[in-house]
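The data blocks that follow each hold one structure.
What follows is a pair of complexes built around subunit A, which joins subunit B in one and subunit C in the other.
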Partner chain A sequence: MGAELGIYKSCVSARSTDKEILKASQDGGIVTQLFGFALDEGIIEGAIVAVSKDFYKKYPEKCMACYADDTKEPFRPIPAIITTKAELMESRGTKYNISPNVSLIKEATRSFGLDKVGIVGTPCQMQAIRKGQLYPIGLRDVGDKIALAVGIFCMENFPYQSILQLVEDHAAMSMDSVRKMEIGKGKFWVYGKRGQVVQLPLKVTHKYEQPGCHVCLDYVANLGDISTGSVGSPDGWSTVFVRSKIGDSVWGKAMAAGCFETQPIEKVKPGLELVSKLANEKISKNKKTLEERATFGVGKALRNPYI
Partner chain B sequence: MSKVVEISPTTRHEGHSKLVLKVNDEGIIETGNWCSITPVRGVEKLAIGKTMEQVPKIASRVCGICPIAHTLAGIESMEASVKCEIPKDAKLLRVVLQCANRLHSHALHNILTLPDMYLPGTDTKINPFTQEEPVRSVAKRIQRLREIGQTIGEIAGGEAVHPSNPRVGGMFRPCSQQAKVKMLDLAKEGLVLAHAQMDFMIAVLRNFQKRDWAEVGGAKIAIPKNLGYHDQGYLATHPIYGSTSMDENPTWDYSRFKESRPWDWYMGEMEVSLEDPKYPVGGTTKMGTKVNPQMEACTGIPCYDGAPVEVGPRARLVKFSNFNEKGTIGQQIARQLEYPASLTSIISALDEYNPAGKVIADYIPQGDGSMGWAANEAPRGTDVHLARVKDGRVLWYNMLVPTTWNFATCSKALEGAPWQLAEIVVRGYDPCVSCATHMIVIDEDKRLVAQKLIQ
Partner chain C sequence: MAPQKPADVAAKVETTKKEVKPVVDKITVGHVHMSGCTGCLVSLADNYGGLLTILDKYADLVYGLTLADVRHIQKMDVALVEGSVCINDKLSVQEIKETREKAAVVVAVGGCACYGNITRFGRGGQQNQPAHESYLPIGDLIKVDVYIPGCAPTPQQIRNVCVMAYLLLKGTKEQKDLATAYLKPLMMAAQRGTTACFCDLMTEVINQGLCMGCGSCAAACPVRAITHEYGKPQGQRDLCIKCGACYNQCPRSWFSFDVVSSYEAINEAIMAALQ
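Up next is the complex of A and B:
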């Protein structure tokens, strides 16, 4: 295939040098460290991230919660705008279900009064951001205020109900006792606060995926300024693609400031090979869905979004 | 022997309207009919059965210049009908929004009216789009003022054009401390520009007042000293914001209002008997064309105490600041005088605004069908929305927009002016015709007369 990793200027395996960040980060703490650095340097004035209910309790005015229940459930991501390091630290870690971060982009530039916004999101959210910059429908005066868009690798996403089912029924754990969730080494891992670890084969999780994800042909967030994910790097490290001019400049400054330790991606195991393999898997699997969809519906209405 | 001349369409204002004028041998207007020929909007009918949240949003779509006024008047009429009090901080954000709208609208009107005026001390008409000084820097200042108004409106209201943040019961989201500071900065920058702009405009307008003639279509037309004078009353509800039926002392009275239909007011069928091919732009209507303002006009004629009244900047200043200048130029000067006030009001509202405060009412009643009205002082005048809400649904809705009030008054003000200057009088009202349109003329068989307009 060849194009599965998108266009990028450089690729490394990296992790944050800040021990405090690594304590509760998903992998290498890349997003938290990048936003923390950008906040300190004034590259961004605030960032849109996914937070959990504890954050909501402390700073409800910074969150976008549609329903009251959303603010009570553990591991329910709530989009929020963070403007300080302390708030940023509260938002570490992946939540493994859908967080409508893009819904806050207008609010960030408007009622929060930010002129330079950072945003983190999945590949589809990066697509939405870029499309919004090109065709600012409902996003008037937003495009030029997006200062840093960090994409995260994504095979597919889950609705909250799916995560609930997987954790409470399949893994037989209470949501409240979960410390961390992870997908890696072909399994869905659930780590409990009391030390218990449950692993589910991905075969089990497939049927809980969001069907909308099955038309996506982007695994490594091709449209982020910087995109990152655990795949391809050793445990506790993340693979980082630096893609745009903005991304290059922010990454260069962060490296110069000693925010990250890096290893060349060619030297680490499993390396880019695995990223390519998974990206190709996602693309070829989802192309099939696209072809199927082209043949159903009245007047074959579901068009291929990539043509 | 009087002649009939028609200027259709009129230019440099929002919407589509035309002037049908009966003039004497000297070309002085005896009877002036200014009528809206914009297609009917039908918002009042669309509103029926919709939720009270939806209707103000739909209503704001009648226009893109003062949608903020329509949103606020619409929402407040719902609140007045269901009797919902909103928190103080929500009210302050609405005041900010209101003034931001006024600022950008007045600045826009400067662009529309300047081509009628002369550079003081010369016989050169002003072209706001020229590269030459001093006009170039004035045009830039106008653009910056508009930008400031729209940006403040966007921050406080959600969108620069159709605000999304106001809702029945208050506002959806508060503005953060940072957003508040940003708005304050913009307002303070705007205040300096607004003072300069006001001084420039008043100098230009006073210069026009002193002139004996103005050039229209290559001819020198004598300017009468009483250009645009009328003897109608004034209506304004508040110097800045407005009034609702929930107020302790409402400043508008529903029982004093009555609306008559255009065919009771306008002239009947006539034939154009005077034309001027040189009149800008493209000449007046050809001789022999049949005109019928009675049937073509699609506005109602609202009367207050049985007579048409003037609304707008001058009405506000007459009612609340003892302003006493008459005529078109007096009206324009009143508009310029509102510049600084709209910015100082933003600044004082923001000083009072608490970003941590509540912006939505704890309890929003769903309504029992009683009538509530809200009058909002839009840039062009009093914009009254009336509503009946029951169980959260709108039973009845009516919009009395500023230019509707002004149509009949301006028609009176045309009398005694040379017909070539009629458009200047019309522009003095800063007409916004599209929202003023809300009547379809049907004949005895219930057939639509103005069918062509709707297609």
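Up next is the complex of A and C:
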């Protein structure tokens, strides 16, 4: 296990000690608990998260108006800025499609007037945040206000219409009847509100992935302050990498405050070995894609963003 | 009889010497003002204390409208050029050429110098020079080394380039390597061309199968011309001012793992340099 897991100071398997958070969280409630703690402690004044239409109905002013057209569909993520615990609790759970969270990073420091911003996002969004801190081309006075960036593990993402097709056509469920979606144990799981469960093999989902994901070389959000995901930990728990100085400080305080129950990552099944395996699979598959792009046409290459 | 100076004042005057340059190895920097709104210069000034530190420790300002008491373009290490060139104005054309001759490194600061930006929409008719209607980004007339796109370019981006330029010219081998790696994408941007538009996101990112919907472009746009449809950027043509911020902020336009992976150390080094 090496570079595929990025640089980290510590790694544990963890879950929130707050039963309320766990009730509607994706796995161990890590992101919700971290942001809740950081809000209480004043480490952040608000956070950019992905919410859904029920949140939009209650707090439309916290969502960007330009996403108003997207606010009627279930499981359609809407980037929003939460500034209270109640709003945070309303935003729990993973929505398996594209949420341009970074689009709010400047707005959070302007209209919302936040000096300490939290943001949760996929590995590519963490890359965007860090590029934005080093090369703030259009992000005036934003970089030093990013107080906590939490990355989530990500193999690939889907356009909303792909999710529609998977849930309604392949799983034959109506979007409105879905309680939770999940990718794990090699399958795409759709849980219905009445208790029904449908699983699709990932082979079916591959062709619905967004193409931009196929050049991504980061599985475990190497550039987050803290990154987390279900892979590697038992059901109901999450694997947590603490990466930066900021991450280390926040995680240390949250642990001291009793926010998390943890187990050593070496002691849990399937453990880091699986994380490492999946990370390597993603990276080598996508490196191959980049190579193929270099000779894509006849003497013509597709553009390579990496320098 | 003329009043006598008290003895202690007389003594003080005698001991006052001309200030010795505290840092011998400063680089020389000039701000060259072409057709721009001075917003780039204001952005540079908006580094506040950081700017004073830069001028104290790293750079001498040898040329700058109203800021340095010189009339003509001076020989300098780094020229920060703001604004596009009005080719109907002989002096502007002469000055941009002179800048290239006299500066070791030419940095195009801001959308106008890089891409024309809002001056692309110039149609003349403005008093007191109504015939001034043709504006070109400086890269159409001279070779440019480094781009700082955006309207206005951010104080932090200008600051980072200034610190890196100092390290490149005066630093240790290690610092030179870091500065080279940091500046490389901005040098490549300068080689890429002199036009910009939100449509670069379409042609170079979405069409190329690279967009993953992070949202950076919408955040970077100074005129809120970009929203997202289906998780992908959608630009409003009539709002776009051609500043190049969206494309250059996009992590899929250019991305250096070498540099960005060390973001913590580099940010700390820049902050330490400005202490």
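As a convention for this text, the second predicted complex is superposed on the first by the 292 of 307 C-alpha atoms of A that agree within 3 Å, B and C clash if a C-alpha of one lies under 4 Å from a C-alpha of the other, contacts with A are read in each partner's own complex, and residues count from 1 in each chain.
Here is the rule we use: a residue touches a chain if its C-beta (ideal position, glycine included) is under 8 Å from a C-beta of that chain, and two chains touch if they have at least 3 such contacts.
Quick caveat, the model's predicted, so the values are computed rather than measured.
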{"item": "Three-chain arrangement built on subunit A, subunit B and subunit C clash or fit", "value": "clash"}
{"item": "Contacts of A:229 with subunit B and subunit C, given as first, second, both or neither", "value": "neither"}
{"item": "Touched partner set for A:140, first subunit B, second subunit C, both or neither", "value": "both"}
{"item": "Winner by number of subunit A residues touched, once subunit B and subunit C are compared", "value": "C"}
{"item": "Contacts of A:118 with subunit B and subunit C, given as first, second, both or neither", "value": "neither"}
{"item": "Which superposed partner A:99 touches (first subunit B, second subunit C, both, neither)", "value": "second"}
{"item": "Subunit B versus subunit C as contact partner of A:29, first or second or both or neither", "value": "neither"}
{"item": "Subunit B versus subunit C as contact partner of A:107, first or second or both or neither", "value": "both"}
{"item": "Partner chain in contact with A:128 - subunit B first, subunit C second, else both or neither", "value": "second"}
{"item": "First (subunit B), second (subunit C), both or neither touched by A:157", "value": "second"}
{"item": "Offending stretch of subunit B which, after superposing on A, collides with subunit C (from 256-264, 292-300 or 364-372)", "value": "292-300"}
{"item": "Overlap of subunit C and subunit B interfaces on subunit A (superposed complexes)", "value": "106-107, 140-141"}
{"item": "Subunit C contact footprint on subunit A (complex, rising order)", "value": "7, 66-67, 79, 97-107, 121-122, 124-125, 127-128, 130-143, 157, 159-161, 210-217, 222-223, 244-245, 302-303, 305-307"}
{"item": "Subunit A partner contacts - residues on subunit B that touch it in the complex", "value": "151, 154-155, 158-160, 165, 173-176, 178-183, 356"}
{"item": "Subunit A partner contacts - residues on subunit C that touch it in the complex", "value": "43, 148-150, 152-157, 160, 182, 184-186, 188, 204, 208-222, 227-228, 230-232, 243-246, 248-257, 259-261, 263-264, 266-267"}
{"item": "Subunit A residues touching subunit B - in the complex, by the definition given at the top", "value": "45, 61, 83, 106-107, 110-114, 140-141"}
